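Below, chain A partners chain B and then partners chain C, in two separate complexes.
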Partner chain A sequence: MTTYLGSLQLHLQQLLSVDSTVLVMGEDILDPYGGAFKVTKGLSTKFPDRVITTPISEAGFIGVANGMALRGLKPIVEIMFGDFITLGADQIINYAAKFAAMYQSALEYHLVIRMPVGGGRGYGPTHSQCLEKLFLGIPHITILAPSIYHDPGLMLASAIQQPGPVLFLEHKLLYSQELITPANSPFAVNLSDESFPLVRLTNNTEKTADLTLITYGGALWLPALLQKMAEEEIWLDVLVPSSLNQKAHPTLAVSASHTGRVVIVEEGAGPFGWGAQIAYDLQHAMLNRLTAPIAVIHAENTIIPATQALEQLHLPNLQKIEQKIYEVLS
Partner chain B sequence: MSVLLYAPMVNVNEEQMNLVEWHKQPKEFVNKGELLATFETTKSTYDFHATDPGFFVPLVEAGSQVTVGEVIAALTDQPNEDIQNLLSVETKTEEAKPQSLQQTADNRWTRKAEILAQRHNIPPQEMERRVSADNRITEEVVQAYLQQKSTTAEKQANQGFSNATERILILGGGNVACLVLDILARIPQQTAVAILDDNPALQNTTIMGVPVLGNLDRAKSLFDQNFFDKAALAVGILPTRRELFERLTTLGIPFVNIIDPSAIIGVNAGMGTGNMIMAFCRLGPESQIGDNNFLSAYVNIEHHNKMGSHCTFGPGVAMSGGVTIGSSVRFGTGIYIEPRLTIGSNSVIASGVTLTADVPDNTVVRAKANFHN
Partner chain C sequence: MQSVPALEWHLYQQMYLIRRTEETLLDLFSQGLLFGTVHTCIGQEAIAVGVVNAIDKSKDVIWSNHRGHGHFLAYCDNIEGLIAEVMGKETGVCRGIGGSQHLHYNNFYTNGILGGTVACAVGSAMAEKKKNSGAITVVFLGDGAMGEGIVYESLNMASLWKLPVLFVLEHNQYAQTTPTSLAHTGDLSNRPKAFGIETREIKADNVISVNRLAQECVHKVRTQQKPLFITMHTYRFAPHSKGDDVRPAAEIETAKRSDPLTHMRWALAQINERRVASIENEVDMRIIEAVETVKQQLVLAPEMFFAGRQP
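Then we have the complex of A and B:
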């Protein structure tokens, strides 16, 4: 049994072992502290020359990583909290994302920026956000968000081989969780054979699904939702992409073409997000074949409260999703 | 009042920390606000002060790892007070938590059953009467009711209209599939359920919202599973169109005529099956066509024309009356045909031809004035 954290730790160690051009940078990542979420624990002891602790200066060290990547190294940068990525946005948008397109084949460029994201732990407005929508739609950035049904370490290993900059989103709530695999899940789990797989879950393999549910990343409410819906005889086809900065995966439309009803859930705040784009892609693919309008659930369009009870109300939660499913089915 | 003390959250990133030291002895009296313990996280040490006055009862040892929220001590009103009561209240509230989160809504129906009943305007009492009070009303119960109802009065009222939607399987996922889907989008009685195509790149995609479910060989098994009622060939090229039609007909798969609602079918005009008739076509009165013909937009089959099967037309081909056409004839675009001519099978009539004489079988008719680059 592996946890989300364990998988990341294991594959980071392997990456540094097999490839001497890989190095890791970030704030407070050295032992004994080993990083705010312990992803780099033990790493600096094993690879003291290639685990580099940095000052509190995201723009600076993402810039340094950019330089390293330009010269053929493969830096993996940790942003202590995903919220701080805004400080490095200029280096990512105006430099990292531009290199590949500007220099074309002359350049072999690899950079992964790992970011713990998301709420649910009472960390308040500036340590709980899902800010990926700031980077969605920027060309030449790969945005990955492994869920608990993906293997995050394996995806990290593929991410560093991906040309161009990769933002790698790790939801904080997942670190301590056991990974859910086809072998240990009570419900059917299928992964597509892509490097950044699409996960497909259903709570009834015998019956035609009633509704397509699309989400990514954190989504720790999923196992409970599948269970609850099974008790209510509502059969879900759940699709969990791991790669965000691209058009809707074609399987999403295939599912929607069977169910005709779609609910999209994302944790980011308010409108203009990933869910809106997926809804657009689906309505384009589906023409007039949807039975009900596509529903998108996201966080409330305001700051994230620090009080955990209020935070629960602010973020998408089991009750809100359940209610929306009934609405879309009615 | 005696109280329990819990390990505080010192560093938001850490669930566990070290309790380094208790600053009081067991049973010693502690004033509110007095220094009681020191914790150490990976980032800092933290001094913990008494929240209430009382006699100190440590419940974890100095030097041990504690989890945030864990009970670490009690402060009691009396020395040597039994704290079991306090602790048992604590476990009880913990056990009670999951229950309070449970849905309190009426559990008599499954949501699926409830939604289904609402969709069909079934009075709830009707269902509740059928199921004993300790059993849940499930989808099965509602479906059984609907089944029963539709076998009686409702079915009579709907005669000829129930199950009116014909489920169409589209064979071929190229551009022609879009033409067919476009027509079906305007015909409420027919609906495309899936597309089959041998191109691996199309698998697991959708075309205009209809899924591609495999290669053409799947047609037979899908038909045997009662997945569709009839098939439509979205292929405009001979001889593929003819071969596929014959192969699948041999397997027992029925084909359907797809006719754009803007097409005009004259009085006593007749056709076989598997024909595609695109927008603004016309079959004149008393005309007759066979099976599996493909008529692009603006094709006029005039009155008393007779045509075989597997003919394909580009847009804008106009017959005069009384023309006879064989089978597997390929017509280009923009062709005019004089009255009462005969066109033999397997011939090709090039775009732009104005035909003024009969054409034997297996003949290619080229347009003299055609521009060749």
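Then we have the complex of A and C:
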């Protein structure tokens, strides 16, 4: 059994073994602690020169990583909680994302910023957010969000080969989860043949799907939803992209034009998010084939409460999604 | 006749070239031939020339800032590439896309946002140290940038990790229109000491003294593999960018009495006036030719630029 965490740990070790230009930086990442979520566990013991623990200076050490990347190294930076990325926004938006285009230079530039995101752990307003919305739409940033249906370690290995900066979102509820593959999944799972694949899941391979459900990242409610809908004989075509800062994957429109009904689920708060952009792209691609308005579910438009009962109500959850599916189908 | 070392002629030639190139850019701006903005270092040339001529241009890395034309010209002498860039032509060093504040050429980088370059400089110093290239990094920052928190994060990491980076603070007493006294407390040149970084201080009105100090510091940074911070006191004679000067005229006139260019010219002319004139004439001709050439050049074709956009 491979967990999400295990895959990341394994591929980080491999990356450092095969490529001497790769190095890892972040807060509290050294052994024996091995990082707040243990992703770097064991790394500093094996590669003491290339695993660098930093002061609490996100702006500064993302800047240092920028300088290293421009000079030919491949830094993988860990931001302890994705919420702290705001501190490094200038280095990402006005430096990393701009170097190649602003200098009009074919720079060899590789930088991955890993960040645990998302709620469900009771960490409250500043340690639970999905802030990727702040970076979506900024040109020349790749934003990746592997789910448990992807192989996060494999995606990390591709991410460090990607030109330009990559924000790599790891939903913190996923670390302990077993990865779902076509071999061990109770539902049909397909991955597109891309470095950052689109995952397609369905609860009935025989029947035409009734509804297209689009989501990314955490989405731990998904197996229960597929099961529940199957019991109701509602057939879902579920699409889980792993690359966010781009137009809707063409397969999304293909699926949606068959079902005519679309529900998009994202964990970020409120409007103006990824779901709104995907809905916009889809209505362009298939205006006459929609039989219901596209629905977007996101977290409530307020801060994330620390108290568990309210946090669960705040985030997208099984009940909210089920409810929305029935609405769209009726 | 007293002889002047070749280096001194070179330092004068570069200071003169920077001064005339920037005056030309301001002229072009007034004529409406230049769009956008220029931040000149008129009056501060001794720093760019003195420091850049102390490094190993074949491998050392330079991070400059919004006021970077002087550093750029001292580094690569590419007048045409700079003028074309500032005039937005495809032959500019960044094909006219970066403009005055966003230059990159070989190991030379600038960015228009203050402070962040200092962290990037610490990163390039770390990369070169890890690669054992023997290269050091020099970063130019102003007293204005000393207000950014990232500068102190960077000083801390540079010292903590013993990185070969030379910080050069060009203290020209103003951040755009705000005098240092309204923006900072304490002595800026002392701040690096709190991070265990060795410091130097100089009044940068004599390029030879600046160069001598820079050589000593570059050597120290390279051999000791740790950072060093020089505060250079200076003054810019021209506005922050264009037409936005609120400083007292008398103050500017007083400052001009320590013009590093005028002083060196006077000293050199005592020894060999013909050579001074010949150097100046040659530079003037190069600038005139560069401007005429650049005027004929084209803007990057839209399809070339937008081919790089994301789908």
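Rule of thumb we're sticking to: the second predicted complex is superposed on the first by the 327 of 330 C-alpha atoms of A that agree within 3 Å, B and C clash if a C-alpha of one lies under 4 Å from a C-alpha of the other, contacts with A are read in each partner's own complex, and residues count from 1 in each chain.
The criterion applied here is as follows: contacts are C-beta pairs under 8 Å (C-beta built on N, C-alpha and C of every residue); 3 or more make two chains touch, one makes a residue touch a chain.
Bear in mind the structure is a predicted one, so any value in this text is a computation, not a measurement.
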Should the superposition on chain A be reported as showing a clash between chain B and chain C, or a fit? fit
A:Arg121 in the overlay: touching chain B, chain C, both, or neither? Say first, second, both or neither. first
Which of chain B and chain C A:Pro293 touches, first, second, both or neither: neither
Quick check on the superposed pair: does A:Ser330 touch chain B, chain C, both, or neither? Answer first, second, both or neither. first
Kindly classify A:Pro271 by the partners it touches after superposition: chain B alone (first), chain C alone (second), both, or neither? neither
For A:Pro182, using the defined touch cut-off, is the partner it touches chain B, chain C, both, or neither? Pick first, second, both or neither. neither
On the A-aligned overlay, A:Pro48 touches which partner chain: chain B = first, chain C = second, or both, or neither? neither
Once the structures are superposed on A, label A:Ser257 by its partner contacts, choosing first (chain B), second (chain C), both or neither. first
For chain B against chain C after superposition, the smallest C-alpha distance in Å amounts to 15
Residues on chain A touched by both chain B and chain C none
Under the definition above, what is the set of chain B residues touching chain A in their complex? 12-13, 15, 42-43, 110-113, 115, 118-119, 138-139, 185, 204-206, 208-212
For chain A, which residues count as touching chain C in their complex? 23, 49, 52, 54-55, 57, 59-73, 90-91, 94-95, 98-99, 101-105, 139-140, 245-247
If we count contacts the way the header does, which residues on chain A are in touch with chain B in the complex? 32-34, 36-37, 121-123, 127, 176, 210, 231-234, 250-251, 253-254, 256-258, 285-290, 326, 329-330
Interfacial residue positions of chain C with respect to chain A in the complex: 61, 63, 94-95, 97-98, 102-104, 109, 111, 113, 116, 118-128, 130-131, 137, 149-150, 153-154, 156-157, 160-161, 300, 308-311
